[in-house]
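Shared chain: chain A. Partners: chain B in the first complex, chain C in the second.
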Partner chain A sequence: MKDGHAPRRKLLIVIAGLLALLMITPFTSSYVIVLITHALVFAILAMSLDILLGYTGLPSLGQAAYLGMGAYLTAILAARYQFGLDWTFWVVILMGILIGAATAALFGLLAIRAGGVYFLMITLALAMCVWGLAYRWNSLTGGDNGIILPPRPQFGIQLSDDVTFFYLVFGFFVVSLAMLYILVKSPFGRSLEGIRENELRMRILGYNTWLHKYIAFIIAGGFGGLAGVLWAHAHGLVSPEDVTLATSVDALLMVVLGGSGTLVGGAIGAGIVVFLREYLSTLVPWWQYVLGGVYVLTILYLPGGLMSIPERVRGWRASSPGRSLSDLRPTNS
Partner chain B sequence: MLSKIAGSFRWGLMAACLAFGVGVSPSSVAAERELRIGFLAPMTGIFAQVGKDMTNGFQMYLDEVGGDFAGAKVKFIVEDEEGKPPVGVRKVEKLIRQDKVHMFIGGLLASTGYARAPVSTRLKTVYVPSIPAADDLTQRDSAKFPYVVRTGWTSSQPSHPFGEWACQQGYKRIVTIAADYAFGHEIVGGFQKAFEDCGGRIIQKIWPPLGTIDFGPFIPTLKKDADAIFTVMVGPMSLQFPKQLASAGIRKPVLGGGTSYDEFVLPSMGDEVIGHISALQYSAALDTPKNTAFVKKYREKYGKVPSYYSESNYSTAQMIHEVMKKTKGKWPGAEQFVKMLASVQLETPRGPVRLDEMRNPVHNVYIRMVRKKKEHGYDKDELWNTVIKTYPNVGQFWKYRKEEFLKQPVYSRDFPPCKYCE
Partner chain C sequence: MDTKFWVIQAFNGVSYGALLFLLASGLSLIFGVMRIVNLAHGSFFLLGGYVALTVIWTTNSWLLALPVAALVIGVVGLLMERVFLRPLGFDPLRQVLLTVGFAYLFQQAALDIWGGDNLDIVPPGMLKESAVVGGVYFPMYRVFMIGMAVVMGLILWLTMEKTRMGAMIRATVDDSEMARGVGIDTSRVSMFIFALGAFLAALGGVIGGAFLGIYPGLDFVILPIAFAVVIIGGMGSLTGAAVGSLLVGLADNFGKALFPEISYFTIYAPMVLILALKPTGLFGRE
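For the complex of A and B:
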């Protein structure tokens, strides 16, 4: 890029966008607040997946497993032991992150050795194991009925108030975004990108690529667990449906739709998917086709996701100087 | 300059996202005499056909009265719950927060009922589970859900008399095979309790997962020396199980929960189900003037015989109309509406219905045998759930004392324990 100030301006745009979201949301309708909260939780999940998919080049189809671990932990502690309903909520947050990371540490041992489509299949299978546990371990998880959570925690502030809860989730989202941003800009993040581009070369240069991938996998699991804790409280219900393949696929599609390797792309993708899904399904019974069409078109025409639109526009303008918008025509250059 | 444009483009994108969010704020204050009813049914997925029957039932009543409940214009909002509890919860949030419905109705699976009732409490909105039959909604947890009035049934309600009936027919040893979720557990539980209290024995319980359509792994494990098989099948499972049972050469008597032979699937079934017996509070073959008229009208309109899914929602609409007649079309407020709906007594296609003090219907339970014959004056031989015995005015506790019944845990995979399992 010619412009040296670009990264800073990008940062400013993201901050401005976040501020706008923070200020506008409380004044929207109560249903929109709920949807934005859901979207933010999924944004955390999508960003955690982006670390694997976008930065390390590992297409994981099992991100729902960590969400599920975090969510079930929260639900079981809250519904059975009334734990995590006051200030101990913060302990649960920590435990959620840890259980997500621990699960990833375990799964990573099995999955990291493979790459490409094999990695995809192994992560899928492992996530289905978590689903199986959730579905069949009736005494702990309530089986198909799932677990209904008691009202949200209160510790001075009432999280049962939807706006307050939105602020909380927003806070976690911003912190996650910042931490992941720092991570991908760090030397560690750079070496992840190196692995994505050419793992063999990185290995020859002396990097322990397995360990790099393993650590990235665990970090992604930790953020997945965090999303799980928030999801449980956002929804008030944890059910095996939350842990199905569909959730993992949704997360993957959010990243691809927004643009992998951009972090923010995953968040935008999450917002679009959540809103499209909830509103389209209200309008038309064949909403799944529309969503499918959006995915297909994005992948066909915008392989870089929505975040690549500015680049594309820039590239297109640069290749056709002096052309005004009114005479749009395909060129053969 | 170029990058400036790119930057503003990005701004535009964000602004568009936000505008999308803001632009969909709730519809403006509705007309005074409007009754907004949210209706949840699976419109996609494996239960889509059932969802259609549910919606048709309610819609047919609305059409009969011209969408007008004693002066209140009914706004009927259908949402696709996909048969999944979390989706259902999201849809309920949408119906209440955005559409500002006065009540929400429906849902299919017992698990969706359990998931939705807390939302009705949290958002103080009436919930009428017309289909979800989860026992505890109107039993042990009923105090937690003050806004729930059930117009359908509890899963174990038809099972209690059915268990006794099976025992009186001389069956001694029965194996059960039932969909592995709350609904299946509760139907089997009720049957087992009544059957064993009368001296019978359940010798084996098999639980295929909900949605199983290949029973290959399960059928060979059925005990050969049982007198009969008791099944609970739901949705597409209902169609597959009897076929595969017949092709495995098993000729034992088959008993079943009502949904195993429901009219939504009965016309697609083969002759292998003739003679199978089930229990439910409704049968399309019921020979009462009210039901005959209902079946004829429904069949003319939708081209098929109504199932219990249709009847239950038709009756629910009828009951709500009854309340609105008393209030002259004015919404009485959630608490008052719950009270009034719970005191409705009505003649419906399924027979006389009133509600008990825990807001669950007391109605007839019919023991029905599948037979191929002509009914309601149709001139073709078809499969019908012919009523062979009627237990009048059955409540959710049946002959058991309420206090004692509520002391025992809710029916589950492990309750009642399988004392005689071999």
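For the complex of A and C:
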């Protein structure tokens, strides 16, 4: 980021990528459209996690909880009360965000106090509470079988059409990306980054770091809830499977694979993980080797994620002419 | 709901807690020494059960399966720590994701080798009987589980309190930097603890296989319960693991018997309560 135009150029690349996605997707096969829609839903979840992991330095292992709360709320309202199947869909969206945020507000009280590995463990355990309820509270959640949703809402437009629904999810994705981008560029986002880098220093400077982290936690929960509402309608079935540890861990992988602290990286990671889980699993029986391999290889060889590749390539290019010289010199690094 | 009901449920809870102790004590020690959240710990449990099945199928000996499976998985754990975890250094997030990657790899390997059926480990006939005390039937197998956990717990406790290795482990749990400073080879301690954790989890898998069954997905079913134990008891504490196992075992059994609809909640709710009151768990240190 040495020249001032770099951020603008990155922004243009992202916009071009989004436009390309928007233009090309409707002309692909119906299966690919569904796949991309699922990827976009998880991209929202991954970006919400990136606020915690990439910008605040809080590795949450429980992001599936908020997705689950939003998804179950949507499914229960739709299947039981036929609520949210017309214009009230927008009310459900709002309720989904609120329930995600409220859950995060509750969990945050317990989790934020802890740091590092304890935070990982506690968020994991809290998400398991949600899973336990989803799995066992048969009369409300349908237990292991989950809840099958009625056809998607219609309010002038037919969301049951996969292309229309893709446009809707795409819209939510872009709005989420824009809002989160503004958030991380805001003074509040900058203080989050400060907390990530050195919390003690921020506290000495007079920042209420607990409150900053708590608010970030709630915001992430809200976007997680939004992803949940969209996931319920995208998948048509909500089951405890959606709230398992695997979902939370996958969300973490998405962020790390794409590159944490970049927002867009999480979206790219979501695309790859959804592709592996949903597409590759239909092709080959040994797809879990690929998924597991991606985990291991990312961690060992690509700690900065895919988004760090251009930076690395540039690093190579910059260092290659002087390489023979610098190799001879002893270095500290 | 007479006394009989309470006695049987309490007995079942304690015996389930005994199984959890085998699984969670290793997880807790690994966490205490290495600060690693080992998400492949459930895989060690499951793989232990599978390896035991292979041993039983080939040699027809359940008694032999017990140590063989635990040792094989112990070696797997040792290799995993040496080859992959050690080079990462201290980075909780990357270590967690790496163990998840391994959990998926193990899951797929188990599926390829042992298939997707629900298998059962059949204990020897002697353990299939029940003891009758005061009109209440106590299955011998559950008595055996409790005995096994008590024996392992005692061995662990003696090792931790009375041996040089134990002292080194305790020092590393308390302050690994300081321990390194006074000349303790913490890398060696970590290797030992990770292998020991895998060993204990696999032992749990062989023993638990007889009453939980052995099936794909069991690894991720049992893992969060082990985490609840560790969080309640306090990470890195052996006493904590024992008390946590008992609490969770009892909470699970009484939860399922009394409030089936929220039974998993009865495991995790006490955990949340303890977290709220004492974030480091009952016996954890800052």
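The rule is short, and it goes like this: the second predicted complex is superposed on the first by the 321 of 333 C-alpha atoms of A that agree within 3 Å, B and C clash if a C-alpha of one lies under 4 Å from a C-alpha of the other, contacts with A are read in each partner's own complex, and residues count from 1 in each chain.
What we mean here is this: a contact is a pair of C-beta atoms (placed from the backbone, for glycine too) under 8 Å apart; a residue touches a chain by one contact, two chains touch by 3 or more.
Computed from a predicted structure; not experimentally measured.
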item: Room on chain A for both chain B and chain C (clash or fit); value: clash
item: Which of chain B and chain C A:Ile13 touches, first, second, both or neither; value: first
item: Partner chain(s) touched by A:Leu253 [first = chain B, second = chain C, both, neither]; value: second
item: Which of chain B and chain C A:Leu124 touches, first, second, both or neither; value: second
item: First (chain B), second (chain C), both or neither touched by A:Asn138; value: both
item: Chain B versus chain C as contact partner of A:Arg113, first or second or both or neither; value: second
item: Which superposed partner A:Gln288 touches (first chain B, second chain C, both, neither); value: both
item: Part of chain C, among the options 78-86, 96-104 or 114-122, whose backbone runs into chain B after overlay; value: 114-122
item: On chain A, the residue positions that both chain B and chain C contact, one per complex; value: 135, 138, 288
item: Of chain A, residues touching chain C in the complex; value: 53, 59, 61, 109-110, 113-114, 116-118, 120-122, 124-126, 128-129, 131-133, 135-139, 244-246, 249, 252-253, 256, 286, 288-289, 291-296, 298-300, 303
item: Residue numbers on chain B that touch chain A, as the complex places them; value: 2-3, 5-7, 9-11, 13-14, 17-18, 20-22, 24-26, 43-44, 79-80, 84-87, 89-90, 93-94, 97-98, 110-111, 114-115, 118-119, 122, 180-182, 209-210, 412-413
item: Contact footprint of chain B on chain A as seen in their complex; value: 1-3, 6, 9, 13, 16-17, 20-21, 24-25, 27-32, 34-36, 38, 135, 138, 143-146, 148, 151, 235-237, 239, 241-242, 268, 271-272, 275, 278-279, 281-282, 285, 288, 306, 309-311, 313-314, 317-318
item: Chain C to chain A touching residues, read off their complex; value: 31, 35-37, 39, 84, 87-88, 92-94, 96-98, 100-105, 107-108, 111-112, 220, 223-224, 227-228, 230-231, 235, 260-265, 267-269, 271-272, 275-276, 279-280
